[in-house]
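Have a look at the structure below before the remarks.
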Amino acid sequence: MEHAPKRVLVCADLDTVQDGTVEPPMPSPTEDSKTSTTAPNAFTCIAPDVRLGKNVKFSKFINLYGCEVGDDTKIGAFVEIQKNAKVGKRCKISSHTFICEGVTIEDEVFIGHNVTFVNDMFPRATTNGALQTEADWRVETTLVKRGASIGSGVTILANVVIGEYALIGAGAVVTKDVPAHAVVSGNPGRVMRYFESRGQQ
Amino acid sequence: MEHAPKRVLVCADLDTVQDGTVEPPMPSPTEDSKTSTTAPNAFTCIAPDVRLGKNVKFSKFINLYGCEVGDDTKIGAFVEIQKNAKVGKRCKISSHTFICEGVTIEDEVFIGHNVTFVNDMFPRATTNGALQTEADWRVETTLVKRGASIGSGVTILANVVIGEYALIGAGAVVTKDVPAHAVVSGNPGRVMRYFESRGQQ
Amino acid sequence: MEHAPKRVLVCADLDTVQDGTVEPPMPSPTEDSKTSTTAPNAFTCIAPDVRLGKNVKFSKFINLYGCEVGDDTKIGAFVEIQKNAKVGKRCKISSHTFICEGVTIEDEVFIGHNVTFVNDMFPRATTNGALQTEADWRVETTLVKRGASIGSGVTILANVVIGEYALIGAGAVVTKDVPAHAVVSGNPGRVMRYFESRGQQ
């Protein structure tokens, strides 16, 4: 993330609603032009450790913590992005999507609605009868490369790389690497065809 | 929408929480009987341009803008309905569901939990390196006809018509038109059988 | 639920925000050590009839009513748990998950992100032209047995029992009973193999 965030947004929770320290919702057109980061609203919870680029735009009901989001990216309603996840510049992250720790999304990626990433292929709630902590598992990683598009309702398993400008069709379940420019659909997802050139339909 | 909404509900965001202009949550049984529209609560964001019929009921954490919702319809938690989407009368829209621009839902339709509609079959985040705007794509449409039921966890691709009283089984991915009274399941969704008469199981 | 909740948490909605009767968000490390139940925050709606065990932990944007949740269980963002659902002790309920009436989840179960349960196999919005009420259908049940893990993006149909320590792979659609220690994936879900011993991978 080349651009340091202009300011760190805090979670607009009950305390901050009451003491008025959060940025105003619905920023007016006359807001300080030196920062183009859209101010959060009362329905947005962005932890202080989130690193935001310039001009990131938010819908309502959003939960972000410990992640990076690049310049000009848009984030839809009911989205959670966990710590140590990275989202690039000029991405669209659509509503109801979950981006977990271990996921890296490069620039200019489209993530549809209700997309779910995975970082643990053998999850368990407990180890020896006690709730698992972070010490009990290794975060598995996922990489979505530049310009790719992930359709709505898609589930992407861990340890997968999705190639540049690939398109994952709505409702697919991606279980293995996807080549650049490939079009994938189904459960499990299979390559149906390839785009002839980048960005082509 | 034959019945003009009695009032336009505004987003219960930080401003309105502070200045007290929103309707009270949890309306009491003695509220004004002339309007049966359930008042929003502090967790509900309904933009001023939403056209609501009579007696629409809301759960919590809802994001509606620019859409129409008919009389007596119920809307669950974590639902987003976008501009230019239309939902008929006496529908149930269950939690975690996303209804996008271009979707028309007729009367008496059941939409399960976590249902996702699609309006762009070849989505991209950017065009020539700049974030796409509305000028960069054509909204594709979906029609769900009277009395149909969409099971939970279903994804419905764009350019699809779902016939009257059809039933889409939970977890299906609908990729093409569904005849009236058909029962569909799987990914891709296939017709398994037909109801003999409307509404029959 | 052996342990009576120390206190009943109320929905932090507009009224309670205004009159200050809700528990403070973001409890400080110095809070009363006699109760380890994490206090709700301004984004959490927990109805007064929810029965919580000890030390239940909540993320943001949560809607619970009429359900039971056991000791030490963690509940993620954008989760709804309906009345008459039961969640055991030391479970993890991940973000975007919907647990409906009729679902029983035993102890030490992992529920991934965006998991959807079902309690009505033939849903309809209306009966004879009027919106269905609870009198119009029978709640169908689902049981997830001790130590099982449900992957992210899974849909579980009604009338299903998932055996102890079974693992449902991400994106699967479970349509019938799953034996103990089985590993299931696909749509419809099929048993791929068995763990040799409980908790094994």
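Residue numbering begins at 1 within each chain, and the chains themselves are lettered A, B and C in the order written.
Just so we're on the same page, contacts are C-beta pairs under 8 Å (C-beta built on N, C-alpha and C of every residue); 3 or more make two chains touch, one makes a residue touch a chain.
Note that the coordinates shown come from a computational prediction; the quantities given were computed from them, not determined experimentally.
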Numbering shared by both copies at the subunit B-subunit A contact, with half separating same from different: different
Between subunit A and its twin subunit C, rotation from the CA superposition, multiple of 5 degrees: 120
Distance from the mean Cα position of subunit B to that of subunit A, given in whole angstrom: 24
Residue numbers of subunit B (touch at least two other chains): 17, 43, 61, 78, 96, 114, 187
Contact set on subunit A toward subunit C in their complex: 11, 13-15, 17, 43, 45, 61, 63, 78, 80, 96, 98, 100, 114, 116-118, 122-126, 129-132, 155, 157, 173, 187-188
Of subunit B, residues touching subunit C in the complex: 12, 17, 20, 22, 24-26, 41-43, 59-61, 72, 74, 76-78, 90-92, 95-96, 108-110, 112-114, 147, 149, 151-153, 167, 170-171, 185-187, 199, 201
